[in-house]
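Below you'll find the structures, each written out as structure tokens.
The same chain A turns up in both complexes below, where it pairs with chain B and then with chain C.
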Partner chain A sequence: MRADLYHRLVVAALVALLAVPVLATLAYSLAGNWGATILPDSFSVRWYLQLWHDPRFLSAFGHSLLISVATLLLSTLVIVPAVFVVFYRFPALDRTMNLLILLPFAVPPVVSSVGLLQLYADGPLPLVGTPWILIGCYFTIALPFMYRTLADSLRGMNLHDLMDAAHLLGASTPRAFLLVVAPNLRTGLMASLFLSFSFLLGEFVFANILVGTRYETLQVYLYSVRMTSGHFTSAIVMSYFVFTLVLTWFATRLGKQESQA
Partner chain B sequence: MLNALTPAAAAAAGRPRRPFRHWRSALLLVPFCVLLALFCLAPLGWVVLHSVQGDDGPGFGHFREILASPFYRLAFINSLYISLWSSGCGLLIALIGAASLRRVPGRLRNAVVAFTNMTSNLAGVPLAFAFVIVIGTNGALTLLLRQWGWIDDFHLYSKGGLCLIYTYFQIPLGVLLLYPAFDALDDDWQQASALLGARLWQYWWHVALPVIAPAIFGTFILLFANAMGAYASAYALTTGNFNLITVRIASLVSGDIFLEPDLAAALSVLLTLLLVLVCTVNQMLLKRSYRAR
Partner chain C sequence: MSYVNVTGLARRFGGTTVFENVGFSLDKGEFVTLLGPSGCGKSTLLRCLAGLSRPDAGRIVVAGDDITDSVPQRRGIGMVFQNYALFPTMTVAANIGFGLRMQRLPADDIERKLATVIDLVELRGKESHYPHQLSGGQRQRVALARALVVEPRILLLDEPLSALDARIRANLREQIRDIQRRLDLTTLFVTHDQEEAMILSDRIFVMDKGKIVQADAAETVYTQPATEFVARFMGSCNLLDAAACTRLFGHGIDGHLAIRPESIELLAAAEAGADDLPATIRQHQLLGNVIRYQVESRGTVLLVDRLNRGRDDLLPRGSEVGLRIRREDMREVG
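And now, the complex of A and B:
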């Protein structure tokens, strides 16, 4: 019984520790005025009203959503067929792929942006300063998560038996893939998409170094308003946090469905 | 480079007699390889090539310049210092937390894991702002502690402050990485060791820790690499005024004063080599520990 209490206390302490910055930001964003006192004087939602009427915030948020959705669409179209081909036709490539997808994960974004900035500043592909370069970079961010999840799903099903059965029933390979394999990948794919979505919304390094204010994303906007009211920035942080909260909630729910299936 | 890669890949995987049997399937890999090459391999290649590019032909001039400069050495030392401390502290807290997390009822455990997952999203610029609110100069906690007389002043914008903020983002990551490793522990072992007269710490020291040691080590390496490469939090907190290796690299390619992309490339190579070295050592240790069992 004493041990039980100890474990509960430790877990409670862990949760409290992790919750402090979140709760403080929430309180600060709802405080009407909070000067040099420990607790706020009054509460109001005016910071949120001000934020959600700020055209610059709305456009930055829109940019972030647009880039993230475009990236995830591109990643799905490119990665799903690639993983399938690797598993169905070239299983020996899986090892190489696992190494390749670790690269964007292992190399810090600051390092790759050094090369990106020089390669695509001008020349045949002048991408720096445009949202296109972010879509490319974000593809590499989403890649490890999506590849791993899809590879796990494919490993878990009898891919060759399924394809053989579909072939026997007269389906072509693309048709068999779309009608038999793809539905089995859906849950895992959605979970990894939601997870990647929340990562991409929080991405700052590429966005700041490669594009900056030329196509302002949420994080760059957040950084640029750091000197204005702390209540206002707190309202941005909380809005962003709640948004990613919903995304991760979807991701974990889908993940659970996946493990139950 | 790409065109060479795909048929070669197909050849490696196909049957020896008909190496190009699946060439149409291999075509599906082309967009994947193009994107990866354009946005990951090519920039990395540029960095490696230009790090050995001196003013007059190839050479290791930039590396010599970096190693001779106290400024850049300090950047490395600061990065190492903050990464080691934050990974160590984060790991310790995550370890204690994950050990207890396994002992609480399932519903509570799932809720806490979900919560930890969510807080792992609080990183980078938003995290820096949240910390300013809590322990900034006029932060709620700073005021509280000052009122109680526990501290005179706390400088969030210093080495200690950065260690604190880094530790915060390491904890959820550490819990999520370590928590599954505890499944390797059999509950009977604790009872068996208790029957043999072992105290709780003896059980942990002689039985549990050696079993999960590879996971602990692997987690530490991941946290360390994560901290070494981190940039957004430190940049947002100190507007790039704190001398970290990532801040130096970024300011050499996108700063306002002088741009020296080749020098940034050399710094990047040093940072990447350091990370590769750490990961290799980890792999070697892991292999040894598995053989020992």
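And now, the complex of A and C:
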């Protein structure tokens, strides 16, 4: 009983600790004027109104969404078949893939972005400053999340027997994949997509170095308006926070559904 | 000419040969069991027949057409896997109808065939369940129905019952055999359980280390094992080498002499004649309806089975007895 109480206290303290900055930001974003007092003088939603009416913010948000969605579309089209081929035909490649997908983590973004800057500044593929370079670069960030999740789903099912059964019942390999294997990957795929999505939405280093204001994304926008008003930036952060919160909630719900099935 | 003819079949993985020069034939409507210990190559052989594994040599001919190089989709072979291999995201009906949809049959044909096969495997009412909502026995019946509904020329079953518990296994075993008879379906059933093989089969192919060492009716395989391995594998057996033979019967032998424990008669010492062997009871084991004695005669321990007729009947340790073994119950094996 006492131990239980202790555990609850620790958890409560932790939650409170983590919640304080969020709540403070929320309060600040809703405060009309907050100077030398403990509590704000007035509350208003004007920072939010101002934010959501700012065409620059809206376009930055749109850019971020567009780049993230395009990246995830590309990732799905490339990675799903690739993981399937690895597991079905070349299981020995799984080890190599596991090393490969760690590379984006092994090299700090600042370093690799400098490399990318040199490679794509001119020459045959002058991509720097365009959203395309971000899509390619974000692909490598999404890859580990997606590969891991999809690989786990494939390991968890009886891939070879399922494919064999489908073949014997008259299905070609692509049909067997689409009808039998792909539906099994759906929940795992969705969960990893949501996870990658919120991660990509928060990406700043690559976006800032490779593209910057030439195709402004959410984080670059946030960075450039950091000096305007604390209330205003708080409203940005809160909007972004709520957005990712909803996404994460979706992702975990999907994850739960899968573990129940 | 038999319905299925397999000749000179071989399969190697890298340098190791799983089997070599395997040949057999099946008649139309025959139920044959492929029996052997785990790892002897049964699944690999089945997969070669189904086209899921490519044999390194040999031919497979079904109803006169050579299917050795056909893709699995065109062989007309149905298969049931040990772990069911049901499609987890599909309902029972969708699982069973999968093969029909691949054939692009009209919807009402599919409905009709589904209804028939669902009745056949007694899964009425479960059509909209998902595999994870079914018991093991039900899952295997779905797998069976899924293989049957496309009317295969041959049905292959790879240890379909070994994941089930004993009672369900016995039931499903009967059901499979019954359906097979009704459909007159040529069936190759893989198992490592000799009892299952004997109950089910028209013929048993006993496989050992990649060779079919005996292919005979169940009774023949049991009473006239071709090799020491078969004798040992098909139930318990006394296997006597040359030295033991000489001690017991006064003459040697090439290979081994196989005597089933139930074919040896236990006599009271007084009843034993000059041709019977004098022996002493060393131990007994209660196997339910049978008591298994370990009996020593002339320095050799033999197993002798006797029906369990109650307490009074039990022969105590150390009893002097006689053993009567008929000539025709002794079998020389390689």
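By definition in this document, the second predicted complex is superposed on the first by the 261 of 261 C-alpha atoms of A that agree within 3 Å, B and C clash if a C-alpha of one lies under 4 Å from a C-alpha of the other, contacts with A are read in each partner's own complex, and residues count from 1 in each chain.
Basically, a residue touches a chain if its C-beta (ideal position, glycine included) is under 8 Å from a C-beta of that chain, and two chains touch if they have at least 3 such contacts.
Note that this is a predicted model, so its numbers are computed, not measured.
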item	value
Partners on chain A (chain B, chain C) - clash or fit	fit
Superposition-derived comparison: chain B or chain C, residues of chain A touched	B
Touching partner for A:Leu117 - first (chain B), second (chain C), both, neither	first
Contacts of A:Gly170 with chain B and chain C, given as first, second, both or neither	second
Chain B versus chain C as contact partner of A:Gly32, first or second or both or neither	neither
Angle, in degrees and to the nearest 10, that opens at chain A between the C-alpha centres of chain B and chain C	90
Partner chain in contact with A:Val22 - chain B first, chain C second, else both or neither	first
Partner chain in contact with A:Pro183 - chain B first, chain C second, else both or neither	second
Touched partner set for A:Gly62, first chain B, second chain C, both or neither	neither
Chain B versus chain C as contact partner of A:Pro126, first or second or both or neither	neither
Superposition-derived minimum Cα distance between chain C and chain B (Å)	7
For the chain C and chain A complex, residues of the former touching the latter	47, 50-52, 71-73, 75, 77-79, 81, 83, 85, 87-90, 98-99, 102-103, 132, 146-147, 150
Footprint of chain A on chain B - complex, ascending	9-10, 12-14, 22, 25-26, 28-29, 31-32, 35-36, 38-47, 50, 93, 96-97, 99-101, 103-104, 108, 112, 114-119, 121-127, 129-134, 138-141, 143-144, 147, 168, 171-172, 175, 225, 228-232, 235-236, 246, 249-250, 252-254, 261, 264-265, 268, 271-272, 275-276, 279
Interface residues, chain A side, partner chain B - complex	3-4, 6-8, 10-11, 14-15, 17-22, 24-25, 27-28, 35-39, 74, 77-79, 81-82, 84-86, 88-93, 96, 100, 103-104, 106-119, 125, 133, 136-137, 139-140, 143, 198, 202-205, 208-209, 212, 219, 222-223, 226, 230, 233-234, 236-237, 240-241, 244-245, 248-249, 252
Of all residues in chain A, those that touch chain C in their complex	157-158, 161-162, 164-172, 175, 179-180, 183-184, 186, 261
